[in-house]
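Take a look at the structures listed below.
Look at the two complexes coming up: chain A is in both, with chain B in one and chain C in the other.
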Partner chain A sequence: MDFLTLIQLLDSAVRLATPLLLACLAGLYSERAGIFDIGLEGKMLAAAFFSAAIAALTGSVWIGLLAGIAASLALSAIHGVASITFRGNQLISGVAINFLAAGLTVLIAQSWFKQGGRTPSLIGNARFEPITLPFAEALQNVPVLGPIYYELISGHSILVYIAFAAVPFTWWLLFRTRFGLRLRAVGENPAAVDTAGVSVVGLRFAAVGICGILCGIAGAYLSTALQAGFVKDMAAGRGFIALAALIFAKWRPWYALYACLLFGLFGALETRPDVIENLIGVKVQIQLLAALPYLMTVIILAGFVGKAIPPRAGGEPYVKER
Partner chain B sequence: MTTAPAIELKGISKAFGPVQANKDISIRVMPGTIHGIIGENGAGKSTLMSILYGFYKADKGEIFIKGYKTQIPDSQAAIAAGIGMVFQHFKLVENFTVLENIILGAEDGRWLKPSIAKARRTLLELSEDYGLSVEPDALIQDIGVGMQQRVEILKALYRQADILILDEPTGVLTPAEADQLFRILDRLRAEGKTIILITHKLREIMDTTDTVSVMRRGEMTATVKTAETSPAELAELMVGRKVLLRVDKTPAQPKDVVLDIKDLHVRDEKGVERLKGINLTVRAGEVLGIAGVAGNGQSELLEVLGGYAEGTGNITVNGQPLDLTGKYSDGQSRRAHGIAHVPEDRQREGLIMEFAAWENVAFGYHHDEAYRSGALMDNTAIREDTEGKMERFDVRPPDPKLAAKNFSGGNQQKIVLAREIERNPDLLLIGQPTRGVDIGAIEFIHQQIIALRDKGKAVLLVSVELDEIMALSDRIAVMFDGHIMGERLPSQTDEKELGLLMAGIGAQK
Partner chain C sequence: MDVMPKWAEVILVPLISLLLAAVISALVILAIGEDPVAAAKLMVTGALGSTYGWGYTLYYATNFMFTGLAVSIAFHARLFNIGGEGQAALGGLGVALACLYIPWPHWSLALVGAAVAAGLFGAAWAAMPAYLQARRGSHIVITTIMFNFIAASLLNYVLVNLLRPKGSMDPASARFPDAVHLPTLHELLAPLGIAFSKSAPANVSLLVAVAACVFLWFLIWRTRLGYEIRSFGHSESAAKYAGMPPFKIIMVTMLISGALAGMMAINNVMGEAERLVLNSVEGAGFIGIAVALMGRSHPLGVFIAAILFGFLYQGGAELALWTAIPRELIVVIQALVILFTGALDNMVRMPLERMFLALRMRKEV
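After this line comes the complex of A and B, so read on.
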């Protein structure tokens, strides 16, 4: 495998890791605050549809992005009201959201566009285009560093940079600010937060809201940057892979980045079976490669990768003790 | 001199559905004093304090803090009014450091670093002023309960509380830790803080408080100066009738050896040795009390004898060897040997909280002929039998269909006791018989244990309450770190000597 192939592979991994990373961080905020969210998938799907649909209708990808975030936030609000206000079962609420999104997106798409549950293909300003970073062209012939900068770092859509910037930001927010301290505390022991005179409900809604925004961006990325339009079930289990990555990452932002990049790399390998063949000398079935991320998910969720301790109050509605 | 009371409550009432938890309660707590509130479980003490801390809103009544009428709709308002609360179950984040727990909710601005730096300085001053030593950077999960409690107190002081409420603070502490706590409370009082101490332990009230209020069934029955009252009077006010604080018993008439334990070793699931060669005998007609700080192997001893942990060594009951590891090492086989067991944690091991009293009474004895009709359980017979047991053991309310969780701690314990004692066992194992049990029920439970002994049965009593061990035992064995440190006769020892043995000091006589 030559250097350029490696760079291209990594470049592809970055693209594929981006929606996972956004969804994974979304889950991180929610679960750190004690609200389990298996509805990441549904929120991404809804956001993917609405951002593509609104971008197609208005011709502006930015309005599309906002619509995607709004759709995801609406589902977050349902999850929040069900699991925080009414102290319902968080898993059931999440499952309901996934079903709701899977059905509604196709239904509305068919009703609006009559293209068999798709949106029209997005062109021009209705899509996030790759950005060429400053000096990328000029530096591309510098040995080693040139291709890394030009191929790998430059040339992604703005959402990719947002996703990667969200990692240090999340770390900083969680571990360096008052809000982060309270957010982590409410996921560990809400009674401690409550008796300290801070609103448990307020904090949890804030976390679920951030989760909705990040899922919205993740969904918009799928349909307006990675692809050019919405197709049925386009989230393709990424919400669940993001959950597996979150457990793999032990609910930490930097680990989440590494976990998502790993999954992204698996996804990239699927598109380049020739690389694998060169590397190990055996031709591997493309179906097997395609199954890799999902196999990893099962292995991680089954607890084979070390011991991961979830936030202690996760999944438990908070009821004041008598 | 006229000083406004630190806290004055006027006519506080609070009902939960049909249950009147607090009825027209008025109380004045003067600044710079330690005010005790005593009452049985369920008397309404915790509800009253929850109202004061903004957890519940009173249906009626007024709250005055330092002379000013105050509304306390939430904990934020309570903190603002200078009230700090140390709950019975600590409200700490286990995987946060001490400092992080202290600043949580009282941070100094949006950024953590300056908040923590400031808290560190303040913490040092507070620790020195009041003798509250803590490790600022240790994680809560790594420090002992004594220090966790000091963190709770510091949390309140950090929020500039000058009224401190402590709810059953000594429930989880060793006697030495409790002494340290009371020294801290003395110091806080000397600095002008007002302290409300909620407890059901008479001795703590007598030793530390200036005034004491007694609650019974949601009402405040009396407020007296501690110096002018006696434990007997307080107990009577609490229960509403005269209570025997000492257990009346005749000297034991020990007969044949019932339980004989030789060189018992037990390892836990991590492979750590928890019992390191225990030798004990219990004779018919005597109570052997096992004293010790919780966690020194008493639980493991009961578990092996009860048949739900494995061990190595020789144990005989009435001369018959017990199977310690094999097929017959279970509760059913133990019961066949004439062993009955009232476990330490009645809510986890003694009862299924969601199940009705009669179902709980059948547990372990569901194979009994009287409880069966053919292959099925005879539910009517069990319910009738349960009704009889509830009557004889004064369980209130005497309703076999009520779920175990709806009984008070004392009544739950009476249900377990009735199930086990009425089987007329040769050997009764009983762990923490009166933990979380009110005074009236304690008296009854103690009488039942002595009555069983007087019938010529053997009793192995495990308790962390030294008073209880001293009052009930005919012989006392002290456990420390998986060893028996020594055996004493209650008449020939005192709390000081036992306390030293419990701490692992002193050679075997």
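After this line comes the complex of A and C, so read on.
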């Protein structure tokens, strides 16, 4: 494999890792606060549709992004009301949200655009265009570092940089601020937080809200940056791969980045099976690559390679003592 | 003492949840500029107005009975088996192997053989998540989700590389031999002098599904194992203290659950398609969740809920055929049913409980 192929492969890994990373961090906030969220997929899908639809109607991708975030937040609100206010089963609520998004997006898309459940193709300002970082063109011909900077680091849409910046920010917020300490505490021992006079319900809603915003950005990235427009079921299981990455990362932000990059690389290799064949001399089935993130997560869950321990109060509704 | 009388618990709560789901579905239909009353009429005539419609309704209902029962028995042990989709896919593989490689003399023997193969494959696919839950404490919801995706990849591989006949471009197995053709309701009812649509896919597996409902009722409420499963679901520590081993209960419950989900394949793979195609389950594994929630995990409830969802499926298909409403409307309705009967259960229950409490107070005064 030559250098340029490697760079291209990594470049597409970064593109594919971005929505995973955003959704994975979204799940991280929610689950760290003790709210399981298997509805990441649905929230991404709803955001993907609404951002593409509104961008197509208004011609502005930024308004589209806001619409996507709003749609995702609306689903988050349902999840919050069901699992925090009414103390329902968080997993069942997540399942419902996934189906709600899968059905409603196609229904509304068909009603608005009549194109078989898709939005019109986005062009110009209705799409996030790649950004060329400063000096990228000038440094292009510098050996080794030039192509890395020009091909791999520069030339992504703004959302990619936001996603990568969200990793250190999340680390800082969760592990270096009072809010973060409380948020993590509410996922481990809500009674203690309550005793300290901090609202469990408020903190959990805040976490679910942050989760909604990040899922919204992830969905908007799918339909307005990675592709130009919404198609039916375009999240294609990414929400679940993000969930897998979250477990793989054991609910920690930096590891989430590595897990998502790894799973993004698998995704990139799926489209280039010839690369692996040249590299290791064995033909690898693409189906195996598609299943690898899930297989690896099961192995991690089985505790054969380190043990993944979720936040202790995860999935448990909090009932205030009387 | 329970706050609510039993009839309210069993009938009123699900009915109100269902009503809420129906009202919101009607609003959704209105919002996309269609007439909900006309849509409902079309669904009823399309799904129940002819033996053809009934044939499809019952065909779908058969699938949902199996997957609904699978989710139900797991619910009784407070396990959430979200992997019905993957287990049913593997069941399909079991049916395909049994039908393709064993020369059955008669369909009845083939049905027994295929059902056993489907059950074994489905149970095997549930065994690993069950083991991980029981021994390693990994969350069964997450592992069964992962196993759904792994199953999809595995079936893709098997169909494309192993079972696909030479020269065929289609990722599907060869057609099953004629000897394993299951009699449809048309063929079963004709000797009795009852005319039933020839082209509807409902077949003898419907009877197997009904038998499975009865079997599960007996298992849960009339056997020692069922008692253990229910005790474990109510309180794991109490069950453990009473000498019921959690490992055994988790494993057995999940194996039965996986086997039931897998047995769905005798209907869709053996009864209808008569070959194994890609994505043969078509979401029936997930509908099992809605069916189990609506049926309150009781076999009779599951039976009724499965027929209701069969009606929705066939009615939705008719809607897509004759109006501008896409098939995805059913997915929305399904989501609303899961939301209201599952996650927002307390929203319906709390005001009702308050109401019954107030009524009783007044009576006592």
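Everything that follows uses one rule, which is that the second predicted complex is superposed on the first by the 297 of 322 C-alpha atoms of A that agree within 3 Å, B and C clash if a C-alpha of one lies under 4 Å from a C-alpha of the other, contacts with A are read in each partner's own complex, and residues count from 1 in each chain.
Convention: contacts are C-beta pairs under 8 Å (C-beta built on N, C-alpha and C of every residue); 3 or more make two chains touch, one makes a residue touch a chain.
Not measured: the values here are computed from a predicted model.
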Touched partner set for A:Phe240, first chain B, second chain C, both or neither: second
Touching partner for A:Ile38 - first (chain B), second (chain C), both, neither: second
Chain B versus chain C as contact partner of A:Arg312, first or second or both or neither: first
First (chain B), second (chain C), both or neither touched by A:Arg87: second
Residue contacts on chain A - larger count, chain B or chain C: C
Chain B versus chain C as contact partner of A:Leu6, first or second or both or neither: neither
Chain B versus chain C as contact partner of A:Leu173, first or second or both or neither: neither
First (chain B), second (chain C), both or neither touched by A:Ala196: first
Common interface positions of chain A, toward chain B and toward chain C: none
Chain A to chain C touching residues, read off their complex: 36, 38, 78, 81-83, 86-93, 95-100, 102-104, 106-108, 110-111, 117, 237, 240, 243-244, 247, 285, 287-288, 290-291, 294-295, 297-298, 301-303, 308, 310
Interface residues, chain A side, partner chain B - complex: 175-182, 184-185, 188-189, 191-198, 312, 320-322
Touching residues (chain side chain C, partner chain A) in the complex: 28, 31-33, 80, 82, 128, 132, 136, 138-139, 141-143, 145-147, 149-150, 153-154, 156-157, 160-161, 286, 289, 293, 324-326, 328-336, 338-339, 342-347, 350
Chain B residues touching chain A - in the complex, by the definition given at the top: 46-47, 50, 53, 55, 74-76, 78-79, 85, 87, 89, 91-96, 100-101, 103-107, 109-113, 115, 155
